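Consider the two complexes below, in which chain A is the common component and chain B and chain C are the respective partners.
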Partner chain A sequence: MWTYYLTQLVHSLPFFLKGLWMTVAVSGISLVAGTILGFLWGIIRTRRSKFLYHLIGAWVDLIRGTPFLVQIFIVFFILPEAGIHLDAFPAAIISLTNLGACFICEIVAAGIRSVPWGQKEAATASGLTQLQQLRYVVMPQAMKTILPPLVGQYVLLIKDSSVVSAIGVMDVTRAGWLTVQRVPQGLMVFALVGILYFIICYPLIRLSNLLEKKMGRGTTSF
Partner chain B sequence: MIIFRKVHKWFGKLHVLNDINLAVDAGEVLVVCGPSGSGKSTLIRCINRLESIQKGELIVDGMKVHDFKTKMTKLRAEIGFVFQQFNLYPHMTALENVTLAPTKVRKIRKQEAMEAGRQVLEKVGLGDKIDSYPAQLSGGQQQRVAIARGLCMRPKIMLFDEPTSALDPEMINEVLEVMRDLAKEGMTMVVVTHEMGFAREVAHRVAIMDVGQVIEIAPPEEFFSNPRNERTRLFLSKILRH
Partner chain C sequence: MLEAFNFRVILEYMPLFLKCFMATLWLSGAGLLGSLVVGTLACAMRISRSKLLSGAAGVYIESIRSTPLLAQIYFFYFGLPSLGIMVTEEMTGVIALTLNSGAYMAEILRAGVQSVPFGQIEAAVASSLNYFQRMRYVVLPQALGVTIPPMLGQAIVLVKDSALLSLISITELTRAGQIMTSERFMPAEGFLTTAVFYLVIYFVLKSVAAWSEKRLIFHESR
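Coming up: the complex of A and B.
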């Protein structure tokens, strides 16, 4: 019996790989868009505008404090009531991008705040504009604090992307759900799903660890 | 060059600058001393608007610093600032530190800026350290790079906020030497410091501040040997023991 299910599973491999490709696509697009948006929000949060600080802060707290499943349901099932009809794939991308941006925003803001105040003063005193300061003095130094947790966040988002299966996106989790109906061996099927996620996440975990070690070394002493 | 007219500043309830009236001429070296919390650092930081004033007028090189319409990048290009904590950019070499502002603010071509940067670093005695990172330099060397960084902008004024206070004693002299040479060349300088030897030799005038006010201001001969104010006498007696 066992071997029968195993062979069924092996036959379904192409199906899983299609799902894996979908997971990579959804995660990949959301990570890129989320990073851009997250950096933008993070930078804005460290500027002087108290209004924007609180506005972005409220949104970020809301998104970080509610389940992603609920968020994606709202986008896919409830927005149509307000006249906004989205297909599953765009709904997934928008929700996951937003989720990523909110977490990345906080990582970036913390990184910028970790740059010593004196650095910003020295740059200001030299006559550099705010934008030049950010680009040449602050961000290069902030990246040391930002990079390790940023890559860690990427791993979390890839795993969070499994939620998009709930609105019908044919990712690798959904492939698992569909397969388990024909191959009623939950452990085998979802072990495979887990392995596939692990394959894409593990390199990033290693990268995050490597970055943490590398960045930790560059501390000035005077 | 620098004119303070009826300047006031508060940090919340603290009256940190109280009716400051001061003028510094081009080519003059003014040393500002005084006890901790007297407002001397705040005073110097107002000149390039790292701090802003709340009342009065502050005119630097003909530009109204207190006016929000003044282009601060234009003003700050003419003022070099040396911090007590050096504040060198740790991710850049000495040469990159000193050429950043000239290339981005004065829009000088990179090659030209690097050539000029090399010369200034030579001048402060660090010609062989142009490719070193701040972490590889001693405190005295870092501060000299910081001075070079200010000088590369060819400013009209150099401001020093306790430039030697964070240095080990054996490195103080190398920094004061550079400052002495600068003064000889006719640079307008305002220096907040406790180095009274430097003040005696190099300053045109010495000012003492206490609780936000300029208590006394006079040429060093007068200031050190015959101060008029009792508080000046008290302060000098405390710090001139060695």
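Coming up: the complex of A and C.
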């Protein structure tokens, strides 16, 4: 019986790989967009404007305080009431990008704050403009603090992308969910799903650990 | 959209929401207690000298951390019956939350224990304290303080993660929003009310975490 199910599972492997491609697409697009948006918000948060600081802070709190599933449902079911009709794929991208941006924004802001104040003063004294300060003085140093948790955040986002299967995006989790209706071997089917995620996430986790060690050494010698 | 926002219906559904609020609290509470037990065990195994125990705990922690919770929930939901183990959905949910959160708890505890300088343990050995005395009077008092803020952070994650249990038809907060959406076709009212309830839990836990962090710094500076 097990071998029979196993061959059935092997036959549906192309289906899983299609799902894997969808997972990579959804999380890849959201990672890039979320990183850009997150860096932007993070930099704005460390500027002088109190209003923008609190505005972004409140938004981040709202997003961090509610489950991602609820956020997806809000984007997917409530926006149509406001006249914005979205397919499952763009709805998934929007909510995942926003989630990523909120977490990355906090990481970036913390990284920028970790740069000693004297560095900024020295840059100002050297006559660098605000943009030059950011580009040549603050960010290169802040990246040491930002990079390890950033990669860790990517892992979380890739894992969170599994939740978009709830609104019908055909990702790996959805592929597993559909397959288990035909192949009633939940352990086998979702072990396969797990392995596929593991292949993507585990190297990133190792990379994050490695960066933490490397950057840690870097900052102590600094 | 908002001009048609119907507070009367929300009020009508309030008993359901309150019931589901309690369900979310007990599901994540049970998950938290379970994960403390599992996490302590896994941490003890991970830092033990035995290669076998440490390796087993490592496999458990890494495989949980590199796969999404939703896949783990489905793994148990569809997998346990195929092993002939019949438990209720709630039980399945608590098991999945416990095992998932346990891996993260183990890492938090490990970071706490390893934050105690080795000299402290050497000093304790030199003072001829035995293993339990060393743990009770030297290691744990220092380690626990460090672990409490990240543990509260994990509790916040756990509450949000419990939203995924709605996908295996457990009646909790997110499910209440879904029920309201399908019965009255009011996704805005349903899911925004759900979000507000989660935010209440989030802000309570967040302020407790902030308070504990402040207490911790006070302790260290003393």
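The definition used in the following text is that the second predicted complex is superposed on the first by the 219 of 222 C-alpha atoms of A that agree within 3 Å, B and C clash if a C-alpha of one lies under 4 Å from a C-alpha of the other, contacts with A are read in each partner's own complex, and residues count from 1 in each chain.
Assume a residue touches a chain if its C-beta (ideal position, glycine included) is under 8 Å from a C-beta of that chain, and two chains touch if they have at least 3 such contacts.
Please read these numbers as outputs of a predicted model, since none were measured by experiment.
Chemist: Do chain B and chain C fit side by side on chain A after the overlay, or clash?
Modeler: Superposition check on chain A shows chain B and chain C fit without a clash.
Chemist: Looking at A:S49, would you say it contacts chain B, chain C, both, or neither? Reply first, second, both or neither.
Modeler: Neither partner.
Chemist: In the overlay of the two complexes, what angle sits at the CA centre of chain A between those of chain B and chain C, given in steps of 10 degrees?
Modeler: Spelled out: centre of chain A as vertex, angle of 100 degrees.
Chemist: A:P184 contacts which: chain B (first), chain C (second), both, neither?
Modeler: In the superposed model, A:P184 contacts chain C only, not chain B.
Chemist: Identify the partner contact of A:V70: answer first if only chain B is touched, second if only chain C is, both if each is, neither if none is.
Modeler: It touches chain C, and chain B stays clear.
Chemist: In the overlay, answer first, second, both or neither for which of chain B and chain C A:G118 touches.
Modeler: In the superposition, A:G118 contacts chain B only.
Chemist: Touching A:N209, do we find chain B (first), chain C (second), both, or neither?
Modeler: Touch partners of A:N209: none, neither chain B nor chain C.
Chemist: Answer with first, second, both or neither: which of chain B and chain C does A:Q132 touch in the superposed model?
Modeler: After superposing on A, A:Q132 lies in contact with chain B but is clear of chain C.
Chemist: On chain A, which partner touches more residues: chain B or chain C?
Modeler: Larger number of chain A residues touched: C.
Chemist: Quick one: minimum Cα-Cα distance, chain B versus chain C, in the superposed arrangement, integer Å.
Modeler: 25
Chemist: Which residues of chain A touch chain B in their complex?
Modeler: 116, 118-119, 121-129, 132, 136-137, 140-141, 218, 220-222
Chemist: Where on chain B does chain A make contact in their complex?
Modeler: Against chain A, the touching part of chain B is residues 48, 50, 72-77, 79-81, 83, 85-91, 100-101, 104-105, 134-135, 137, 139, 142, 149-150, 153.
Chemist: Under the stated contact criterion, what part of chain A meets chain C in this complex?
Modeler: So the residues of chain A in touch with chain C come to 61-62, 64-70, 73-74, 77-78, 81-82, 155, 159-163, 165-166, 172-173, 176-177, 180, 184-187, 189-191, 193-194, 197-198, 201-202, 205.
Chemist: Quick check on the complex: what are the chain C residues that touch chain A?
Modeler: Touch list, chain C to chain A: 1, 62-63, 65-72, 74-75, 77-83, 156, 160-164, 166-167, 174, 177-178, 181, 187-188, 191-192, 194-195, 198-199, 202-203, 206.
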